[in-house]
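Once you scroll down, you'll see the structures, which are given as structure tokens.
Below are two complexes that have chain A in common, paired first with chain B and then with chain C.
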Partner chain A sequence: MSYRWRQETAPMTSLLVLQRALDQCGFQIIEAPAIMKHLALARKRVSHASTTHDKIAAYEELIDLIRQIDQTDSLPKSIKLDGVKLSLSNSFCYVAEGYSSNESTVAEMAAKSKITELNNVYKEIAAGLESELTQAMSSLESQLREALIKAVKAEQESYKKSITVARQEIFKIIRENAKKEGYSLKRHVFTAGKNAGREQYVVVKRV
Partner chain B sequence: MYKVTKEVHEIWVNEDGSFDCESHSIKGEKCIEELRKLLEGLAEIDDFEKKREFYDTQEQGSKAKSENRQYRGGSS
Partner chain C sequence: MSQSIRLADTLESSQIYGPGRRFVIWVQGCSLECPGCWNMEFWSVSSGYYADVSNLLSEILATADIEGVTILGGEPLEQPMPVLELIQSVKESGLTVMLYTGYEEYELDELQLECVNSADIVIMGRYIASLRDTGLRWRGSSNQQIRMVSSAYENKEIREQEEVEITIDPNAEVSIAGYPSKWLLRVIEEL
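Right, the complex of A and B next:
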């Protein structure tokens, strides 16, 4: 006998960052959109390239893939991993689902712990994109540096775009929900101060 | 005479897309129900902290603000 367990992931907006996080956490992708597999291969080519020429070519391939992702601009509805299925829920979160035996919760605990690790790694990668650019700028070989900077910038821009798209969607959904429930809505976007980067919605109903 | 009051929810969207919410002038479970409706399709409220006013069941006559914060998505 077995039962199904579920765990929600942290908010995730970028396919690029998600793919990197899955890879870094050692998840084996069983079924996912082809672009995720292409991305993983392109990143491997970058790290395995032995000559400057090969590395530059690998970065160019990676940049092309990033641009393709930017055009399609959507997270996969589901990703099947080894023992866990991620299904997109609530626009920007995945629900991880798996099956466990009634006799032991060891597998469930291990899988949930890996999902927690995935959440943390996703956040770390997103937060580290800025420092990756600084590192890229200090690369020694000028041609390689140029290619590396282009790749890191493409990744950064793609991530920022995913956040912008997510925020537009959040605004749209909150506005529709507020209207449906008879609330008025005010939106404040903070670009400076202690709340820089955050958005505040104040919804008010007179009763 | 009817007293007009305002039900107010503050929804904060953090940089990573997680939400922090705070409700004012709404007592008891109603604030969570209302927030669930406002966040439908976006988030499930998975953790919340009840303030003292949450337990205030009086419909009127209290000047104290109700401030029930909801957290989700691993935000703190």
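Right, the complex of A and C next:
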């Protein structure tokens, strides 16, 4: 006898970061949109290129792929991994599902722990995009530096766009539902200090 | 020497826990354990983290555009010494203090009463699930009372209203504070 287990991932907005996180966690992708496979191959080409010329060409290919991603529909509905299926459960979270036998939950525990690792790695990659640019800028070889900076900037831009799209979508959903329920909405965007980048909405209904 | 306070969480800026924009502090630990409490994870005295009151004050003073601090929990009056130090030092810095407690006045000892009397506004009384009313301003159930302790807000008109705060952080993570209605909980869960 076996049963199905489920575990929700942390919110994810960027296909690029998700692909990198899956790769970094060692997930084997069985079925996913072609763009994810192409991205993985392009990244491999960058790391395997032995000459400056090859590396620059590999970066250019990666940049082209990054620019192809349509941010309004960037997250795949489902991704089949080895032993686990990720399905987009709502706008920005996946549900990881797998099967476990009643006799042993070892595989289930291992898979759940990998999902936790995926959540952490996703956050680390997203948070590290800024420092990647600083590192790229200190790269020694000038031609390579230029290509590397372009690639990191394209990646950053894509991630930022995914966040913007997600936040707009969240705002839209909250606003529409608040209006339907007869609530007013006050919006505040923090532009300075440690709250910078945060948005707050106060949903109010007078009694 | 500054005292340690056991905290559950802080929020640098909120508009729904008292007048104006406020720094919000949830203390960790509550023995009252009101059935239906929204913050059950703040009951245990073995969870949370310790913070030095003077460090917490520095953090508060470094936060721009706030008019005061709100202390809730958990049960603030179960840590009366550090809470009193916090209230007094916040007041000395020119900010106002709003304090939540599940206790009634007759249940308080001298030190706890001093905390209450040092604050500007106190929300007092247990949370009673059967009296839950999301239309109350700053309170969760209708038995809870708003006490204007100082003159800081004595002329303030308090209009009852349902208010919930949704925060979207820079990575698009969503959190919610206040006493949300069912429709809003459903919407947030579906995001």
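Assume the second predicted complex is superposed on the first by the 203 of 207 C-alpha atoms of A that agree within 3 Å, B and C clash if a C-alpha of one lies under 4 Å from a C-alpha of the other, contacts with A are read in each partner's own complex, and residues count from 1 in each chain.
Just so we're on the same page, a contact is a pair of C-beta atoms (placed from the backbone, for glycine too) under 8 Å apart; a residue touches a chain by one contact, two chains touch by 3 or more.
Worth saying up front: this structure is predicted, and the values here are computed from it rather than measured.
Engineer: Could you check whether chain B and chain C clash or fit when both are placed on chain A?
Structural biologist: Partners clash after overlay.
Engineer: Would you sort A:25 into first (chain B), second (chain C), both or neither based on which partner it touches?
Structural biologist: In the superposition, A:25 touches no partner, neither chain B nor chain C.
Engineer: In the superposed arrangement, does A:8 touch chain B (first), chain C (second), both or neither?
Structural biologist: Only chain B; A:8 stays clear of chain C.
Engineer: One more residue to check, A:177. First (chain B), second (chain C), both or neither?
Structural biologist: Touch partners of A:177: chain B and chain C.
Engineer: By the touch definition at the top of the document, which applies to A:207: first (chain B), second (chain C), both, or neither?
Structural biologist: both
Engineer: Classify the contacts of A:166 with the two partner chains as first (chain B alone), second (chain C alone), both, or neither.
Structural biologist: both
Engineer: In the overlaid three-chain picture, which partner chain does A:92 touch, first (chain B) or second (chain C), both, or neither?
Structural biologist: After superposition on chain A, A:92 lies in contact with both partners, chain B and chain C.
Engineer: Which holds for A:144: it touches chain B only (first), chain C only (second), both, or neither?
Structural biologist: neither
Engineer: Have a look at where A:193 lands relative to chain B and chain C in the superposition and call it first, second, both or neither.
Structural biologist: second
Engineer: Under the contact rule defined above, give the chain A residues that sit at the interface with chain B and also at the interface with chain C.
Structural biologist: 10-11, 13, 90-92, 123, 126, 163, 166-167, 170, 173-174, 177, 181, 183, 195, 197-207
Engineer: Would you tell me which residues of chain B are touching chain A in their complex?
Structural biologist: 4-18, 34, 37-44, 46, 73-74
Engineer: So in the complex, the part of chain C that touches chain A is made up of which residues?
Structural biologist: It comes out as residues 12-16, 62-64, 135-136, 159-174, 181, 183-184, 187, 190-191.
Engineer: Touching chain C in the complex: which residues of chain A?
Structural biologist: 10-11, 13, 90-92, 123, 126, 163, 166-167, 170-171, 173-174, 177, 181, 183, 186, 188, 190, 192-207
Engineer: Where on chain A is chain B touching in the complex?
Structural biologist: Chain A reaches chain B through residues 8, 10-13, 90-93, 119, 123, 126, 163, 166-167, 170, 173-174, 177-178, 180-181, 183, 195, 197-207.
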